[in-house]
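Chain IDs A, B, C, D and E follow the sequence of writing; residue 1 opens each chain.
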Amino acid sequence: MHNPFVPETLEGWSALHLMYRIDWGRLGQVYPGERHQMAEEFAGVFAGTVASATEGGNALVQMLGHKGDLMAIAFRRSFDELGRTQLALSRCKLQAYLTLTTSYVSIVELGMYDMTAKIHRQLAEGGLTHGSDAFVTAFDEEMERQRQRVTGRLFGEIPHRRYVCFYPMDKRRGETHNWYAVEFERRAEMMVEHGKVGREYAGRVTQVISGSIGFDDWEWGVDLFADDPVTFKKLIYEMRFDEASAKYAEFGPFYTGLQFAPGELRKLLEGELPSLT
Amino acid sequence: MHNPFVPETLEGWSALHLMYRIDWGRLGQVYPGERHQMAEEFAGVFAGTVASATEGGNALVQMLGHKGDLMAIAFRRSFDELGRTQLALSRCKLQAYLTLTTSYVSIVELGMYDMTAKIHRQLAEGGLTHGSDAFVTAFDEEMERQRQRVTGRLFGEIPHRRYVCFYPMDKRRGETHNWYAVEFERRAEMMVEHGKVGREYAGRVTQVISGSIGFDDWEWGVDLFADDPVTFKKLIYEMRFDEASAKYAEFGPFYTGLQFAPGELRKLLEGELPSLT
Amino acid sequence: MHNPFVPETLEGWSALHLMYRIDWGRLGQVYPGERHQMAEEFAGVFAGTVASATEGGNALVQMLGHKGDLMAIAFRRSFDELGRTQLALSRCKLQAYLTLTTSYVSIVELGMYDMTAKIHRQLAEGGLTHGSDAFVTAFDEEMERQRQRVTGRLFGEIPHRRYVCFYPMDKRRGETHNWYAVEFERRAEMMVEHGKVGREYAGRVTQVISGSIGFDDWEWGVDLFADDPVTFKKLIYEMRFDEASAKYAEFGPFYTGLQFAPGELRKLLEGELPSLT
Amino acid sequence: MHNPFVPETLEGWSALHLMYRIDWGRLGQVYPGERHQMAEEFAGVFAGTVASATEGGNALVQMLGHKGDLMAIAFRRSFDELGRTQLALSRCKLQAYLTLTTSYVSIVELGMYDMTAKIHRQLAEGGLTHGSDAFVTAFDEEMERQRQRVTGRLFGEIPHRRYVCFYPMDKRRGETHNWYAVEFERRAEMMVEHGKVGREYAGRVTQVISGSIGFDDWEWGVDLFADDPVTFKKLIYEMRFDEASAKYAEFGPFYTGLQFAPGELRKLLEGELPSLT
Amino acid sequence: MHNPFVPETLEGWSALHLMYRIDWGRLGQVYPGERHQMAEEFAGVFAGTVASATEGGNALVQMLGHKGDLMAIAFRRSFDELGRTQLALSRCKLQAYLTLTTSYVSIVELGMYDMTAKIHRQLAEGGLTHGSDAFVTAFDEEMERQRQRVTGRLFGEIPHRRYVCFYPMDKRRGETHNWYAVEFERRAEMMVEHGKVGREYAGRVTQVISGSIGFDDWEWGVDLFADDPVTFKKLIYEMRFDEASAKYAEFGPFYTGLQFAPGELRKLLEGELPSLT
């Protein structure tokens, strides 16, 4: 534990992204009343899988393009709750008109590069020998303090903003540029630099990072929420020039869409633009 | 903001490319009159999603090959309008005979490499300190002037030319050749060189570049329109030898087809070549 | 124009390869007479899309393996004629039992590496300044002469040979070996060497190269026709050792099959081997 | 045999992972009683393919995300028994509502890097000439002793823990970093280092490695079982920094889910979370 | 011809591998008697496509995992006979329950690295000038002698062993390690080394190499047959460390299964393990 080359991470919500394609041809042959009922059932069942805001969060997103028509985002207390949610949605009547085209399984995560470094430094300055029992105890106490401090970010609400951008990413393990073979300090510096770009966009974009090593095909998932989609383009383009991204980031597919209020799902099925409020 | 390594961009139309495959086998079993009606509905609904030419533009393209039979291109004022358009098409009766095989989500963009450099230089020569409030104000004013100047290109009409070529592309982030790790000046020079090749083909090809970082799986989408498809081959082949492309471009799939007037969609469904006028 | 690093190309037929999979299970449930009719219709419609041998050429190929059962190759005067052909086939009754699994869009092309070099040299020796009006005129005249000379290859018949091999390819743009960053003279030399291998197989293989930059996902398509399939293996294996291929070629999927006379399509649908004559 | 560059391996269970997607739309239209029956049949048939715990082991996993809804893991004495199991499941009535989306074929394996090195050393110290008959006999005897010693790990039970993570992996054969071109001693050292990280997580994660060279598309399959899914993330993230992984590991897709008791399959089909006990 | 850098090859059977997935859900709804009939028809038609053992060979393999349920291997005298066989199978009634998921087209091949080198040497020592008419004649005579000598391997029976492993492979053409840019002598040496590993496994594995350059997406297909599947893993793992494989081999997907007697196909369809004898 406390491998000095491995940054500590703090974990929050278990997260599941489900992207569905709608079979519009067949759905169009259903009576409007039945479509309405199916929309209500789906939205209701989804809402019902979260007992309260402290137990999780839900979002529905109208996707643009062919990758899907509807994305359901679920933040929960555990993988069991994610499993329960996916099963509940799977048994909805609307499911006969849905195909689950892709998905993402992850856990909301805060990577603690600077914190890890700082704690190590502080503890070392306090005269603790790295790896000693006293060190480990002090370290764990400090980490717990940090966890308390950032609990709002680990278990926060899904941002209530119109535009959503989701993509998974890796840190490159190329034959020349290999993030995992770079010194901890160098990585920490690059992450600081990377964070600076993010902070410039603070009010305009809300970001949720989740870790997916061991759960899905990429190392991290990134959810961005904004009131103007151009912000996504500006932010990610600018970041692409910082060293952490330019040299070490590998990006997966991007999913874009418009968040809407669950009660508006019936509008979507009727071909009308659902709104967020 | 105004990161000197990041070229400024100006944004125009939100753009959606939808590529559909037609189920010819099943469509052939439909009464001609019904096919006719479905064509009229689809073309009418598509047209109806644009209130006026200042609100957007539409194009329909008969695609060659197996990637799709029909491509619908929509330029709109916002992602909401793109969402509204996709939903409206999804509810058309013809949809029962269509499969959305692929798509592209982007925003029309002008990359301002030379402009960014020039403004930085002019402002510096004017004695403004980079990053100062005065600098930022002057910069923003100058950018706004540029935006006014090129508004016709940011919000232009979809070129009314017979042949269409669409492809997405990236700037390479290889382990040796990495566009995002190249000096701004070097990149600017290469873009100038690249632009020169484009200008040789000025009258013969009309090009629309859109940015898709944060929206889709590649960084840019390129739409070319011409009166002779050989021009696409000549232009892109020649460009492939300039440094910006030779060393730094990664190309996605290419989609090729023949633009036609929406009123001709019914001909397409009858197996007759639809024409542009 | 006349970029000295870019080899001139001459263009011939517009070309479309359509690979179809047959739904044998469902087709087997159709009355033999109806199958017969569908075969005749498909073959007849395909033939009908070419007014005369000067307007294009057609070939049907029984494919081996799972990539398809039937490949239709169409050479035409224009993309409009390709579009007309694809649409006509799409409306055939047989289409209800076909899936278009893949395709290729290209234009028959002769790359003029040696010619480009020779003309440049001759013109230079004639004292013409590169890029001058006189140079451009002389160049264009010479290219036109070449076009006349090779018109038979640009607009030739589809070779009437039993075995067909089609594959797309690229010239590599690797980070170390990048064809588009190699000097023109070096590239010309390698193409000469490459051509020599091809010429050894002259009588045994007939080759048609088509360019697809701007039209499809690879830069070139290669069609080989022979009386013995082993020839394909020997030729391509030997070529793989010449520098142009060894270092700079990237190969796409290979499609192999047996050409047959269109009138034999009904045999294919009955599960009998169709013959070429 | 006994190639000094090739680590010995010991083999245990033949292993088959089958990932199924459930057609929820169609399954929802079935009478609950029939669904119940199908669940019982499937669970019963699966159980019936293992005569006793010495003949193999079974696990059922509810998967998260779109890669599948149900994973069946079978450990058996032979490939014939795997074949028998797959066939038996294929004939279950539930199969009409399942699609086998992916799978993995492998054999439980212990890579004996340290053992191979030690034996070689001991034998050499004992004065035996490498490759001599006496050497081979002594080596084989020692290997057999090892096999006896680890037989519990080669033919162990599938861990009875709630969370399951499965992924395939390769050792990289890059142009710069090529595991198979590294000296045996260097590889052995890295594997020791790699093992140390694993041992830190001893009680929290149970790991089963299986070899799939010659059987499936990756070289190894890794099954992890834990009581808390965060452990997977922490373990694999930490490992990613050790040299064997950082430089030489290539990871395939990750499959994550919740193990449940076979008798709970009927709950899953009703959309209720099945439990492990 | 006789390019000294290109090893000669000798060709035998034309080979076709067809991998089918069975639609178990629908097949289960068929009357057992009809299933029985379909199995008999399929096995009978397949057998009927080979007039005698000198005309070809057939094998049926029960596949493990999701890549297919049934693999049919056909060795024939020509591509026409392969085409005839595929068509005959395509028209079987069972086809309505099969999907051809993948396939491989190749020609059994012996690569004559050592032979090519030896002949060149012998002829040179005999005082013949490379490339002279006398050289060519002597070379061709020698090659013909070799062909006679190995005819049993070029046109051998499909090994009657229980376990089958099939995979395609390429020789790497990387930017650093490029097989096709390596000196002939170096390649010959590596192939000798590679062959040595193979010979250690002589009695335990029977190998058939087929060439697929020009026919399919990889350069070679490898079929291995053994009485114990662990042998595949041991052999291929050990080979992975020899230079020819470690540095220069690229492997495609692996297909594994159990060969069975055609008369046992009906058992497979009933969900019972078919046996080889």
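We adopt the following convention: a contact is a pair of C-beta atoms (placed from the backbone, for glycine too) under 8 Å apart; a residue touches a chain by one contact, two chains touch by 3 or more.
This is a predicted model, so every value here is computed, not measured.
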| item | value |
| --- | --- |
| Each chain counted as touching chain A and chain B at once | none |
| Touching chain A and also chain E, the following chains | D |
| Shared interface numbering between chain E and chain C [over half = same, under half = different] | different |
| Chain C-chain D separation of Cα centroids, rounded to whole Å | 47 |
| Cα-centroid distance, chain D relative to chain E, in whole angstrom | 29 |
| Of all residues in chain C, the ones touching two or more other chains | 175-176 |
| Topology of the chain contact graph, where touching chains are joined (line, ring, star, complete, other) | ring |
| Circular arrangement of chains, read from chain A onward through chain B | A, B, C, E, D |
| Touch list for chain D against partner chain A, complex | 22, 24-26, 28-29, 62, 64-67, 69, 163, 165, 167, 174-177, 197, 200, 224, 229-230, 232-238, 240-241, 243, 245-247, 253-254, 256-258, 268, 270-273 |
| Touch list for chain A against partner chain D, complex | 1, 3, 5-6, 9, 11, 14, 16, 18-19, 79-80, 82-84, 86-88, 90-91, 93, 95-98, 100-105, 107, 109, 173, 175-176, 178, 180-181, 211-217 |
